[in-house]
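Next, two complexes with chain A in common: one pairs it with chain B, the other with chain C.
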Partner chain A sequence: MFEYTVLAGIMYGLYFGLVGIGLNLIFGVMRMINLAHGDFIMLGAFLAYWLFHLFGINPLIAIAISCVVFLFLGIAFYYIFVPRLLQSKDPEMLSFILFFGLSQVIEAIIILSFGNNQRSVPSSTFGHSTFSILGNRFPISWLIVTIVAILVFIAVYWYFYHTKLGYATRAIMASRDESLVSGINVNRVSAFAFSIGLILASIAGIFSFFMIGAAYPSMGTNLTVISFAIIVLGALGNPMGTIIGGLIYGLAIMFMQTYLSSWSNLLPYLLLIAIMLFKPEGLIGKTVRSA
Partner chain B sequence: MQRLLEISNLEAGYGLIKVLWGVNLAVKQNECVVLLGVNGAGKTTLLKTVVGLLKAWKGKVTFNSNDITHLRSDIRIANGIAYMSELAIFPNLTVEENLKLGGYFKSDKENKKRMEKLYQYFPDLKEYKHKMGGSLSGGQRKMLGVAKTLMSNPKLVIMDEPSSGLSPKFVKRAIEVLDMFHKEEKVAMLIAEQNVSFLDFAEKTYILDGGKITFEGSVSELKSNNIIRETYFGITH
Partner chain C sequence: MFKLRSLFFSSLMFILIFSATSTFGKSIPSVIKIGTLYASTGPFAKASESQFKGLKFWVHNVNSKGGVFVKAFKKKIPIKLVAYNDQSSTATAAAMYNQLITQDHANILVADFGSVLTSVAVPLAKEHRRLLFDVTGTGAKFFTPDNPYVVLTSLPTSGRWPYTLADFIIKHKINKIAIIYSSNDFDQSQAITLHNKLRKAGVDIVYYNAVPSSTSNYAVLLHSIKAKNPNAVIEFGYPNNDIAFLQNLGSSGLKFNMVFTVFPGQLFKLLKSNVGEQGLAYTYTYPTPPLLRYNKVNLGVGIDEFELAFKAYSGKSPNFLNVAGYNVGLIIKKTLETANRYNQLSFRRAIGKFSGKVFTLNGLFMVNKKGAQIGEILPIAQFVMKDSKLKMNIVYPEKMKTADAVYPAP
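So, the complex of A and B:
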């Protein structure tokens, strides 16, 4: 049982890393918490649901479609909202209100358009087979989600550390002003980073059916809280740190569900309180030399 | 010589507080100008307004005969201005990545060539090229800032207190390198400083006090001014 819990926790952890990484990217670049993050995960799930049920499109192919859809959605959202926010006296505070409002609007539009029912893509989409690690059997869909999550992390790492746009994104994370005077078109790079954040959320949404169950319009709020706990656990503003946060959350939730299942819903809140009390900069957060 | 940068009657500030009160300043092609001023004189505000980090309330900034007063910062930089702030570098990027961002508009090939040239003048940076900027000492960070600023082959380098937090040894080295690039590549420079060591290679000086230019002239004229001698050089007779 212990071995199974650890292995399942790692797979869930990698998935939850995927759930949180987009939120951390957006926070790192814009210093704003996207309170609608969970709703973009929900939109990704609904996109995958409709693509599967209307056109029979496999969730793996839905990733490519969601990349295109959320790229444009992200750019549009960024240019409509963010430059105005940044001109205000307190953009961080206003962003809370704005993204909370956006979250409510997205949820309301989905309920009005499609109703409040739960929707699902069957796990048999990837076949009925299972796979085995150290004698423990898991559904094949978990393996696929784990592989996709790892590939996404590699892609995000490659973007950050091996592309000019990635250097620029990290530069903006350090200092918006310094980036401006280095000749970086901060708005353009931020809009792209915001879109990547939404794309990552949508990919997490596509696989939500296989890891957290059916999709429904109000699932976003809970996912935003979980994502926030994960990114604070890892390191707020450091997207790669989200993987650590996700793994800890995944392992913790698996152990809670195995040994203390009735308390597992409290986990994100308990982790948030614990990390704020004992290591507010996150588990891998660190300060740089000041002299 | 043609004026490269011209600041006319510039007013700017923060919120409701006006910091610059009609500043006039010019930098000619291939000229090195040092802007002296004590803390709070408005030096950083002036430089930030020139590079577009602060909005000009009034007045005009022209660069290469083009009005840049309302241009975005990144466009001003692309036009040939390089700016070194007091922060100077990105602490979360490696030395090499910082340099690549210094040449953001250049091709990889051009950047590589330029980097090799700069490494000759800053051998420490080559040694630490894979280290994070934030892990460097204060002096090394400033040297990286200078190198990053020179990466883009700019027409005009604007520096905000390059000597702050540096030991005299590093200040001397910074001056030598800047002087060399100024002469060899004919880069015009506008350096805001409190440290009078930078006057050694200045061709023109301004003094900013209380957001107004209170002196404009050559280094010899500045040094012969009794009040300035007392304020900046500590010479009382």
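So, the complex of A and C:
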């Protein structure tokens, strides 16, 4: 059982790395907490649901469609909200309020449009078979989600370290003002990074059915809280640190479920408190954030 | 002698006048205000809105006939429904129930769906001496001898739900059981009852654990259960839990001889759309109306007529919670028709009078002295595949049985 728990925890953790990475990217670039992050995950889930049930589109193909949809959505949201926020005296605090409002609006629109029902893409979409690691059997959908998560992490890494846009994004993450002075089109790069954050959230949503059950309009709030715990655990502002945060969360929740199941919902909060007390910069963060 | 007679008649007149004014001296209300809550968001939204829709349908029906007959005033009075959205939050619900009682002065208080959202209404109703019509809040702790201000209308108190399930397991000599339940009043009281009954009968409980109600992944839990090698797995949860549990079970490749979950029998369409027919095949549940067809009724309409009328009203086939919401309306109607006086304790006494004599589309309405519903029986049903279609058979108790259980599941 120990072996099974570790393996399940790693796969579950990689998925939760995917859940959190978009939130961390947006925070890193704009120093704002997107409290509607979970709602964008929910939107990704609903997109996958409708694509599957209306057109029979496989969730893997839905990734490509969601990239296009959320790229435009991200750019639109960015230019509507963020430049104004950044001009205010306290953009971090105002962003809390704004994105909280946005979260409520998204949830309300989905409820009004589609109702409150839970919706699922069947787990048999990827076949009924299971796969085995060290003699432990797991659903095939878990393998696919794990591979997608790893590919996404590689893509994010490649973006940051092997593309001009990625260099510019990292420069903005280091200092927005200096980037502006050095001639980087900060708004354009930030808008693109914001869109990538939403695309990552939507990909997490597409695969939510296989890891966290049915999708429903109010699922976003809980996912935002978990994502926040994960990114604080890894390192706030460092997207790649989210993978560490996700893995720790996944392993910890699987061990809690195995050995102390009734307390497992306390876990995100306990991890958050522990990291704030003992390593506030996050497990792989170097300094305490001063922003 | 004259003085004595005069005193006697004066006293008699005083008593007559006083007793008359105690009912008729109050101005007759132009409407009966029913105060209730519903959740349009959050984990209970689907269930809560269904229940609320059932109640609204009843109000619509009654008002289209001029209102409900109130015996205390000997006339029909229309119903006014005052409802607030608690967003599935107990904190919001507490504030809203308080508003219904103290600001809106609702004459009749109806609880929101389920034990979680009802839990905050019970102490408030008791404190303000307002009779709470509890529709589906079945937590056993709500019903105490010192509280006459709560009546459960549309489901048995949850501690009683597993009676037939326990009997079924014992009768079929299923001797190794795993019980996993969500940590809330509703599921915990079922788990405790089942655990105690099976232990008493010598059944080996090899796994008995609670999980948070927010649990959405049961993969590791299912493997922990499998490691104990039980013959039957009983999962007590809310709809989200049942969906995640059955989905994870379906994709895990694990097999158990018997799997039981609560909500496929109440929200069949929802579970079928999320889990699929294969995911439900050969699992067990508690069937409720409209899966159970009660047509011989002495209050309101039977399930066939209700189904047609509800579909015409809402455009959708009813689920159990629509029935439950409608059923509380029937009980309120009967209460107002029976109560001699227009006050909360008279309402409660009236319910005591007709308890055990009323049969609705939801089954026998019978409450004990604590207000807990004990009349309805929740049989055990099993979903089976027949001609590639999912079919539900009632497999226990014997008097309601439509087919034998397929045990062990193929």
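FYI, the second predicted complex is superposed on the first by the 286 of 291 C-alpha atoms of A that agree within 3 Å, B and C clash if a C-alpha of one lies under 4 Å from a C-alpha of the other, contacts with A are read in each partner's own complex, and residues count from 1 in each chain.
By our rule, a contact is a pair of C-beta atoms (placed from the backbone, for glycine too) under 8 Å apart; a residue touches a chain by one contact, two chains touch by 3 or more.
Remember, predicted model here, so these are calculated numbers, not experimental data.
> Have a look at where A:L60 lands relative to chain B and chain C in the superposition and call it first, second, both or neither.
neither
> Once the shared chain is lined up, is A:A168 touching chain B (first), chain C (second), both, or neither of them?
First partner only.
> Kindly classify A:L272 by the partners it touches after superposition: chain B alone (first), chain C alone (second), both, or neither?
Touch partners of A:L272: none, neither chain B nor chain C.
> One more residue to check, A:I133. First (chain B), second (chain C), both or neither?
Neither partner.
> Quick one: is A:M1 in contact with chain B, with chain C, with both, or with neither? Answer first, second, both or neither.
second
> Which holds for A:G183: it touches chain B only (first), chain C only (second), both, or neither?
A:G183 sits against chain B, while chain C stays out of touch.
> One more residue to check, A:L283. First (chain B), second (chain C), both or neither?
neither
> Have a look and say if chain B or chain C is in touch with more residues of chain A.
The partner with more contacted residues on chain A is C.
> So in the complex, the part of chain B that touches chain A is made up of which residues?
51-53, 72-74, 77-78, 83, 85, 87, 89-93, 97, 100-102, 104-105, 132, 134-138, 148, 152, 165
> List the residues on chain A that touch chain C in their complex, please.
Touch list, chain A to chain C: 1, 4-5, 8, 12, 107-108, 111, 115-120, 122-124, 128-130, 137-142, 209-214, 216-218, 222, 254, 257-258, 261-262, 264-265.
> Considering the complex alone, what residue numbers of chain C touch chain A?
Residue list for chain C touching chain A: 40-43, 45-46, 49, 88, 183, 209-212, 214-217, 219-221, 223-224, 227, 239-240, 243-244, 247-248, 250-253, 270, 273-276, 278.
> Mind listing the chain A positions that touch chain B in their complex?
It is residues 164, 167-168, 170-171, 173-175, 177-186, 288-289, 291 of chain A that touch chain B.
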